[in-house]
Amino acid sequence: MSLRYLLQRLSTLLLVLFGVSVVAFSIQPLVPGSPARVRLGVQATEENVRILEEQMGLNRPLPVQYADWVGGIVLRGDFGDSLITRTSITDEIVRRLPATLALAGVALLIGLLIALPLGITSALKPGGKRDLSASVVSQIGVSIPDFWMGILLILLFAETLGWLPSSGYEPISEGFFAWGRHVLLPALTAGLISGSIMTRFVRSALLEVLGMDYVRTARAKGVGPRKVLTKHVLRNAAISIVTIIGLQMATLLSSVVVVEIIFAWPGLGSLALTSTLQRDYPVLQAALLMAAVAFTVINLLTDLSYVLLDPSIEYA
Amino acid sequence: MSVTTPSMRDVQEPADRGRRPVVDFARRFVRHRLAMVGTTIVLLLVFVAAFGRMVAPYDPLAMDFTALFAPPSWAHPFGTDEFGRDIFARVLYGARISLQVAFIAVGISGTAGVLLGLVAGFLGGWIDELVMRFMDVLFAFPAVLLAITVMAILGRGVGNAMVAIAIVYIPIFARVTRGAVLSVRGREYVTAARALGKSPFGIMLRHVLPNAIGPIIVQTSLSLAFAILAEAALSYFGLGTQPPDPSWGRMLSEGRGFLQQAPWMGIFPGLAIMVSVMGFNFLGDGLRDLLDPRTNRN
Amino acid sequence: MNRIRPFLVTLAALALLGAAWAQTRGGTLVAAWANPVGLDPHATSAYYSYQTLQQVLETLVDFDNEQNMVPKLAESWTVSDDGLTYTFNLRSDVQFSNGRGFTADDVKYTYDRLLDPDTASGNAWRLGAIDSIEVVDDYTVVFNLNTVNTGFLGKLASGSPVGIIARESVEDGTIDTAPVGTGPFKITDYQPGTVVMLERNEFYWGTDANGTQLPYLDALELRIIPDDSVKRSALVSGDVDWTITVPPQALAELDARDDVVVDRSAAPAYWYIGVNTERAPLDDVRVRQAISYAIDRGQITEAATFGTGVPTQDPIPSVSAWAFDYAPYEQNLAQAQALLEEAGVADGFDMLIMPTTEYEESIRAAQVIQAQLAPLGINVTLDTREWADWLDTQGQGNYDTFVCSWNVLLDPDDFFYAQHKTGEVFNFTGYTNPTVDDLLDRGRQETEFADRYAIYEQINREIVNDAVYIYLYNPGNIQAYAANVNGYTARGDQTIRFVSTYLD
């Protein structure tokens, strides 16, 4: 991988992030409703609202506000303060990031634990009984909206069986067991859905490789099916599967927003949503920016990992 | 149909394939179990959406305070909700709303995304760069958050929900189209058309688009499924279809508060969503099998 | 079986009484909570912020559960004959949770800050009558009013919005996250959107009847759980001990469980349709009356509250000493139709109704109203809005009708003055009636109960007749908690207090 390619990718990434920051910032003048009004509530006078808006700095020209905001992030790593709670947004993000990472990570793991075995068994005998049942299971998983899946899992595992807590988060510093008990249900909600989606991708990625000439040749030469699978198929399907994981992170990050709300999970998704409802623009902008950074970096890593998986790919 | 019958046996011949691609495709389509199941479901849905209101036993908005939370019975096959409204009638009416949202949202995003993808892929250069980077920007936001933010700007309501869902899916269509365009751009017939001095627009329309149509159709079908789910997610946040109108997503979201008292409030719209998502997915998967040249080999 | 049970319960209660002595102390109560919007009592207006602060801040005077005025931080008070000067004698044994003694300076500081225009407080209106505050000595403070206001003490008792704060938390900038007060608990950690952690205030001055130090609990953990059905699940599965809202439709099922207690009381609150009196045809009183005749309040209450509210045609609940029970509008479609004909809109008209996603019950109520007005040809469209947007739209008067509620109303003045007096900031309907304006001012100056009652009865009649607010129902005040939570009662003034709560 040449340095030039890497630099080019990084500059594109910065360009995209710049675009993201502009789009995120432009929400503020477009959305009706004022954060001052939210904080002061039904009993505030128009005069109260005007004074507070001025204190919040919302009356300054937009370019000034934007420059101030981006300047703070780039120069000082400071996202500013929440308009509603007047606390540091940077602290808030640092506190919430591990929760979202834990949720997304475990969900992805659960998704892969479902998708790989199901996808591989289906692809080995397409049209067979196992393929059919895997396809039905994954279709059901795909077609249940995440909020509904979450509520059903809470009813089953928390309320009826009493195995897992219904909601809430424990940081891993409180012990692995406490952390794991809390992360399991929300991660299962997101994981079941993304696992169902991935099953179908894994299946078609494998089918594609299985149809390749060298696999046919290997089979014709009498290589056992297990060996064909591990030695030829999986290795060659790896790139497609990594791409799927990369893309799946986009779905996961989105699904996490809903799951976080349902399970009262203190992550970035619920932060973004609450701040939208409260018109807490700097917090919303920060959360959107973080999500976009996460997503673009994952994308970059996915692309770069191709090189590791397949040395024959050369980026000029 | 009379034309296809005599040539059935010849369809396998490569020469014939080139001559009658549509006939060939139709024949393989009918044989493909998944695609047929999907088509049947989708046709059924469209039928329900078009004519369901005629067989609906009740006005879906009519309240009956003598029959609150009635369980499924002959009078109310799917039961009633917290206002005594008939859920069967609401599911039938909801079919039209939910499908409308899906078709219009995907229609908008498909048109916009395909156009952007065509322009970017065919013209290349800085236009390509500009369009695709903008798509990257849109794509970088988590879908639900992007949709919710768009809704916050436009205001709630089913029309705005369509726009919000459309915006979320534009980048996917643009990418798929651009990818397909790039794969045919260098082919001889395109180069030839260019050399003949044909207008870029004409070339795009006549030569590039038809060859890129496969992946776009597949993406359309899959996006329809996701659009139905997206409307449900927006309804969970109270942003999609507005009460008292019934969409499946709205009904499902309302039903979650009544799982103990009246599980039927969530079960039936939930089943409707599940069946339609499956229908669109089956159709999409089937089309992918049939249209993707790589899987055609077997 | 049924006859033996009360006996057994009594026996068990007696046995527990001895044990309770030892068991009332300690423990952490975990509550399912909802998101506060900042914790500065002067900068917020959010219900969940106030309920959080209720554990932390105290007022000079207070209401007991029978709505009688009782001393709190003020031991006693006197009112001058002209009704313009209030002198409070403060308790001398009170300390803030940071250990500093509470004095009259803190009272002056708190209210000066609240009334300062730069604070831009949405709560300043409550104490608008204050002209100046004088500190006489450490434990004596005098309030000078600019106008006689019989309800003034009631305003000082209106909970955490007017609670006494320590200036230290303003000066060190923690007022938004951990304001310091004299209350039974102190905030130790506030993670917005996640949790508020409180510990007992070791300096708290209060004791129970036996002289035991309050509060009993060591700590409170207020977990923010946005989804109401998840709150219910968390309670039922034992993850939380107590929950701040209960989906009303779940009450019947929760009532049937023996591990959950459902606590109900009448709330001093009402739900209503606010009508924009500046828009045609709603500017015609006959049209507003027609709407009031056309609706069936019983059905609206049933659908909106699942039977936990009480239908009403005027604002003050029947259980109050101030109840008037004026009810001229029994549902009568013929009458409604006749009124519309008189007003020249016999064929009906198009009308928007604005509920908010903040309160699901407003959307449910609006749907029933929509259905009930349809037979008159009044074509109602729901204009549901998010809270931020709703507040803005209401403030700009950009609506036909809306559905909302007023809460924590104790004095009859609270029910009418700010809402209906010409030009008052919360008079969003644009209503103006010289008779009512005059009566409202007289009501503030009159001190005798019988005379005030007569005044407010007349005000009530005027407003109900003018149908500027179309009253729907008085909601219930409902809380649900685990059976092992003791010493908690749902209070008539809607405040949530854990000061004498304990777990066994």
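Labels for the chains are A, B and C, by order of writing; each one numbers its residues from 1.
Note that a contact is a pair of C-beta atoms (placed from the backbone, for glycine too) under 8 Å apart; a residue touches a chain by one contact, two chains touch by 3 or more.
Keep in mind that what you see is a predicted model, and the values were worked out from it rather than measured.
The chain closest to the protein's centre is A, with centres computed as averages of CA atoms. Relative to the C-alpha centre of subunit A, the farthest chain centre belongs to C. If you compare A-C with A-B, the chain pair joined by more contacting C-beta pairs is A-C. With centres set at the average Cα position, the gap from subunit B to subunit C is 47 Å. Distance between chain centres (mean CA atoms), subunit A to subunit C: 40 Å.
Inter-chain centre distance (subunit A to subunit B, centres taken as mean C-alpha positions): 23 Å.
Contacts with at least two other chains are made by residues 229, 386, 389 of subunit C. Each of residues 152, 155, 256, 259 in subunit B touches at least two other chains. Multi-chain contact residues, meaning those touching two or more other chains, occur in subunit A at positions 32, 151, 155. By the touch criterion given at the top, residues 133-134, 136-145, 148-149, 152-153, 155, 225, 229, 232-233, 236-237, 249, 252-253, 256, 259, 266, 270, 273-275, 277-278, 281-282, 285, 288, 294-295, 297-298 of subunit B touch subunit A in their complex.
Interface residues of subunit A, counted against subunit C in their complex, comprise 32-49, 51-52, 55, 82, 84-87, 92, 95, 151, 154-155, 158-159, 162, 165-169, 261-264, 266, 270-271, 274, 277-279. By the touch rule above, subunit C contacts subunit B in their complex via residues 228-229, 247, 249-250, 252-253, 299, 302-303, 306, 357, 360, 363-364, 366-368, 370-371, 382, 384-386, 389. Within the complex, the subunit B residues that touch subunit C are 61-63, 65, 68, 82-83, 152, 155-156, 238, 242-244, 256-261.
On subunit C, the positions that touch subunit A within their shared complex are 35, 37-40, 43-46, 117-118, 120-125, 173, 176-177, 190-195, 223-227, 229-230, 233-234, 236-239, 386-389, 391-392, 394-395, 404, 425-426.
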